[in-house]
Amino acid sequence: MPTDTNTSTSTTVPSIPAAARAASNDDFRTLEAGLDALQTVPLAERGPWRRIVDGVLPPVLLLAALVLAWQFYVVIAQPRPDLVPGPFNVAASIGELWSNGRLQQAVLTSLARGGAGFLIAVAIGTPLGLLLAEWRLLRRALGPLLSGLQVLPSVAWVPAAIIWFGLTDATVYFVVLMGAVPSIANGLVAGIDQVPPQLRRVGTVLGASRLQLATLVILPAALPGYLAGLKQGWAFSWRSLMAAEIIAMGGSIGFGLGSMLQQSRDLADLPGVLATILVILFVGILVELIAFAPAERSLLRRRGLASGGTR
Amino acid sequence: SAQGSAATPAGPAEELRLGYFDNVTHAPALVGLEKGLLADSLGDTELSSQVFSAGPATIEALSAGAIDAAYIGPNPAVNSFIKSAGQSVRIVAGAASGGAALVVRAGIDGPADLAGTTIATPQLGNTQDVALRAWLGEQGYDTDTTGGGQVHIAPTDNAQTLALFRSGKIDGAWVPEPWVSRLVQDAGATVLVDEASLWPDGAFPTTVLLVRSEYLAEHPETVRALVAGHTASVDWLTAHPDESAAVINTKLTEDTGKGLSEAVITRALSHVTFTTDPLAATFPVLLGAGVTVGTAKPGKLAGLFDLSALNAVRAEAGVAPVSAAGLGTE
Amino acid sequence: MIDTRTAPVTVGPTTVRATTVATDRPNDAPAIRVDGLTKRFGTDGPIVLEDITLSIEPGEFVCLLGASGCGKSTLLGIIAGLEHPTSGTVTVSSGSAAVMFQESALFPWLTAGRNVELALKLRGVPRAQRRGQALELLDLVNLADAAHKRPHELSGGMRQRVALARSLAQDRKVLLMDEPFAALDAITRDLLHEELERIWRETGRTIVFVTHNVREAARLGQRVLLMSSRPGRIANEWRLADTGPRRIESPEVSRLSIEITEQLRQEIRRNAH
Amino acid sequence: MPTDTNTSTSTTVPSIPAAARAASNDDFRTLEAGLDALQTVPLAERGPWRRIVDGVLPPVLLLAALVLAWQFYVVIAQPRPDLVPGPFNVAASIGELWSNGRLQQAVLTSLARGGAGFLIAVAIGTPLGLLLAEWRLLRRALGPLLSGLQVLPSVAWVPAAIIWFGLTDATVYFVVLMGAVPSIANGLVAGIDQVPPQLRRVGTVLGASRLQLATLVILPAALPGYLAGLKQGWAFSWRSLMAAEIIAMGGSIGFGLGSMLQQSRDLADLPGVLATILVILFVGILVELIAFAPAERSLLRRRGLASGGTR
Amino acid sequence: MIDTRTAPVTVGPTTVRATTVATDRPNDAPAIRVDGLTKRFGTDGPIVLEDITLSIEPGEFVCLLGASGCGKSTLLGIIAGLEHPTSGTVTVSSGSAAVMFQESALFPWLTAGRNVELALKLRGVPRAQRRGQALELLDLVNLADAAHKRPHELSGGMRQRVALARSLAQDRKVLLMDEPFAALDAITRDLLHEELERIWRETGRTIVFVTHNVREAARLGQRVLLMSSRPGRIANEWRLADTGPRRIESPEVSRLSIEITEQLRQEIRRNAH
């Protein structure tokens, strides 16, 4: 092929005079600084006050309107109080549950169990996820089973767990683990999969050892996915816990929110049922707001992944 | 080959965990606990108790080792024994007999009116459930365990049954006491079939005293003390028919916060007989009925009973021994 | 194919403006030696690189030019030790090389300063000295003020300058750059050409610079290697007598660009079917 | 400022001779074709045979190994059969459930109920999601409540639903809807949020009316997110259904898999429980494989979003 | 600031190679008129564009040059009718304009052909004619063979050519282009310059081309407008007498580039603090 011949051309390029160069160094720095200033737009943070007005006010107003409409309906239509209790009945029910201490006990029991189950799930799911992410063969073999387990409603384990462990806390923990472990492990795997290969290459090029690569590069990089997995794991823990507490009541199983719900049902106490549902909802949202939302927000913000602003 | 019986006796146990229901048919437990008869008899062995609301949960607790002994209906006991190949439990005494019936809404006057109705039972495969299915079969009705057939059988929690009956969603129920009485007194139901009428002498087991086989093997003395306390409790019930309602109600109120009405409890007590005889001879019949209606699998019942402690206690009191009908030690 | 790459190479008269980091150049041994290198991915994949022989002198600025997918990154990866050659040998006399990628690939959870510090840490610099050295390096790329900022708060050009500082932190004699400025806008790119040339002159690094921008290659390189596609070979090479910084709009750069472009286009045309 | 003066410069650029130009047109086309050929690498599809070997074999082998180990344990340790049944017992239990028709009936009932509930949820969730995505104020107000509902375990609704609807199918549907509607609506909202604003702008520039923009641009663009929401919605439907069937047994509620599970528990029939769990798992995986996986795969492949290959 | 933009503009002698699409140019009315345009986002945001007055002749090729964030896209968006001016008026004599964006923004669920057909459909072309017209348009950008391929199967350059065909499908007199080639590699970009110029000459469109590449502006435009940053104003303008296609490496392009670059850099320096 004719293009394959090598012509070694030599061109002489005139240099910029050395005298001009020294003077131009400052010029160059100003130029670069000017460009940097033009290209970085400081993000305008909205004030906390503004954020509350924008974010909290509308749902609260809607909620208030809904409660008002509900009360209105109860006053106007006078439905059977055992089928449609009014907001006041529900509030009174919460007050009663609070004053006789059952509410606090149930919330504490459920939270303690949910928290403990979640922590055990994290302790199991994290190494499992790491193993799956780094050991290809294991992943090929175990991955589909684990995804399958995520499809299986953890509530299906309740009857088996009761037969194995009786009506004890072990049953509750087992069900919680079956729900939370797969999603935590899968979250970590997904997080590690999403680590850009470029970052690994940079780590290697910088001379990181295998361990350093894992601890200084891969794990921090996989953190957002891991956190998402943890959040989902918590949701699963909480759901499974409620299911387990509702189904497996009695025996030596402590008195949690699920048990309170089921007891209210047994007493055909609809205000109590609704009150408990509200408490479960409230606790779930609170945990997300207190434990996960700030962690996630600060993590995403520090990496510039937060979806904010108008653009 | 049973693992439980291979264990060697290890002297009296430190504690005994007893399960029971808050039901009139479990009155020996209620009275024994309320009047301290069981605790007295157990001496140094600490007694703790747990309330259950259904047979399966009780069996599960026994299997998981969460309790050591329980008052329970005969069918769950048989079920567990067969499923575990005879390794799980032993019946050490009877507790109550009678006290179950089919109650129906107004307008159902005979078996002929039952076609197309929905009848509740406490639980699939429990004593009343099997009785209903067997009886319906004899009346010529098709039933199945999925709620289909000519008469729909809906295994439903007893408390739920009362509510459903009141709102007209079910037409009747085959339930034990005090639910029969509650349905009759509180919800206007009428008794269509008294289960007692289906058995020779009207005697059929409703509640027995069950012990985990490992526990029995390890602590025979403790089991014997339990049986003695239980016997005392049954004797007290037989001897004080007038006081028993009050004692039972006290214990029920203590457990659930709610007692039964005077009328209900009186009517209920009049339909139940308390006896330490487990009526062992009826068990093969019970199992046969269960197998026929498809809620149980055939199996051997040999070894289900260990009545040696009971008979020893009875001998001490000078009462005739009861028979294990060839299904275990006497 | 005639191979002139084994001929001894003489570096033209270089005007080094400032040698803050003193480098002694042993003119005898080449900084990088590639010998009969062939690469295919997997066992049945097509040959990506075929029989490449190459030698790069210490302190030389070599531009590697070629169409998309011709194997430039693969060659660079092999020199960096990130990939293994199928046959042939590669020797980097100073042991290993620093690498800079197209996307800055800064660690997004670390500030600019910490990113550089991490490189120092992995190199084994004691903790006490890291902060100071990192600031010096950032100052070299005119970014001392941005040490506390996170990558997402920086513009693309600033990120690439931090990445440059980080690769300088490795303190390797050889710096491999894989299209480092391809994703930047034209104004920033021009500026970074000047920045890179200054740093090259100040630190005396050996630089292999991959690009598909003919003018960029003609602007920066002392030597431009043109690669052919499928399989990747060195198709031609050009040398520029280096007489100090030059502008991208200079007529000489233009003239060379025209010549290289013509050959590159011929290489590309060969692949039409 | 001196730079603000306008100099209107006029430069004459020499043109390429017209004669050369005509000939160079063909040259240009070859050049462009060459570049196109170089820049598009045909993706090597792995054969279906290879895919099966890689994807199906390892989990199947692992599963077989697990079953073998289980059987081995049962043979060696001789555990109590009511606590640890062997694989044969479970298989026999499935066979028995099949032969007496209960299995088929339960699967059909549950699938029909789950499917119907899911469809109703889609019918409610889709317009709700559209409304939320396009009506900012509604979204601000209702969005947090809907997310909150996603945190609430749908199983918590079972006791309330039983009081409202009794032991009827309405209870089951209610619980399924409370589980599935929020996640379908949220999925659609997320999908619409992820539509690149550029695509909307292109649609507007091309002259699309508001309706055309919605049907020809936004909805197709939001499809992947919507599909993900549907998939999650199905998972929630299935979970909620199982929970509802287990808890709300009796009355006129038909006989589903959850009821079968609970019945097996009532009969202390662990092989039956395990068999039912396997069936639930199997149905869940099957629905995903048959209904969602192909839709998702073809959708992603057509958009080049599929994660495949080695790179 | 002296404003010369209101002065009447004369188009230099243009060599139109082929006029397949006949265009009559009414030399009296400008194709685009911008009058005293000012733009700020929100009520309290900084002024992005300030008092811009501009008039573009039919068939003219105007390049809009400026540093990042100076408001080029905003100006283009206002001309396209995607944004509303805060004050001032914008008139496009032919009614509306076609727009092409930096990222091709093809609809990923449609093949290349269908993407073009959708534009025809939204323009109101009857169904029967769409397929044929789409193929013609794709052929114009040398992509008739790729009509059945989906965007992800195409390279970046091919995608931009499809996007070009799609914007031609709108059949508007005015074509606005916002950094259409910024994300492409240098070789592809050079080729697309030639492609675009050919199409401009063949179809006689009025083109406003936004870029921050000085050489690209000097290569393509008949007229180059330089914008200043913060606030965005027209800082200067250059005219090139158009004598037919020119190469990017030609000395004239280089000379003009040097001049524009110098002014652009001054504009940028003003923003250092």
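Think of it as A, B, C, D and E in the order they're written, each chain with its own count starting at 1.
Keep in mind that, in the parts below, a residue touches a chain if its C-beta (ideal position, glycine included) is under 8 Å from a C-beta of that chain, and two chains touch if they have at least 3 such contacts.
The structure displayed is predicted, hence computed values, not measured ones.
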Chain E reached from chain B - shortest hop count over touching chains: 2
Chain by chain, through touching neighbours only, how many steps does the shortest route from chain C to chain D take? 1
Mind checking the centre-to-centre distance between chain A and chain C? Centres are C-alpha means, answer in whole Å. 42
When the C-alpha atoms of chain B and chain D are each averaged to a single point, how far apart are the two points in Å? 48
Could you please state the distance in Å, as a whole number, between where the Cα atoms of chain A are centred and where those of chain D are centred? 19
Of all the residues in chain A, which ones touch at least 2 other chains? 31, 33, 35, 39, 162-164, 268
For chain B, residues contacting two or more additional chains: 60, 63, 157
Which chain C residues sit where two or more other chains touch them? 67-68, 155, 187-188, 247, 250, 255, 268, 270
Full enumeration of touching chain pairs: A-B, A-C, A-D, A-E, B-D, C-D, C-E, D-E
For chain D, which residues are in contact with chain A within the complex? 54-55, 58-59, 61-63, 82-83, 137, 140-145, 148-160, 162-164, 235, 238-239, 242-243, 246-247, 258, 261-262, 264-265, 268, 270, 273-274, 276-277, 280-281, 284-285, 288
For the complex, give me every residue of chain C touching chain E. 67-68, 155, 182-183, 185-188, 190, 211-216, 247, 249-251, 254-255, 257-258, 261, 264, 268
Can you list the residues on chain C that touch chain A in the complex? 1-4, 15, 17, 80, 82, 96, 98-99, 101, 103, 105, 107-109, 118-119, 122-123, 142, 146, 150-158, 166, 170, 187-188, 191, 194-195, 228, 233, 235-247, 250, 252-253, 255-256, 259, 263, 266-267, 270
Chain B-touching residues of chain A, taken from the complex the two chains share: 162-168, 170, 250-252, 266, 268
Complex contact set, residues of chain E against chain A: 67-70, 229-230, 265, 268-273
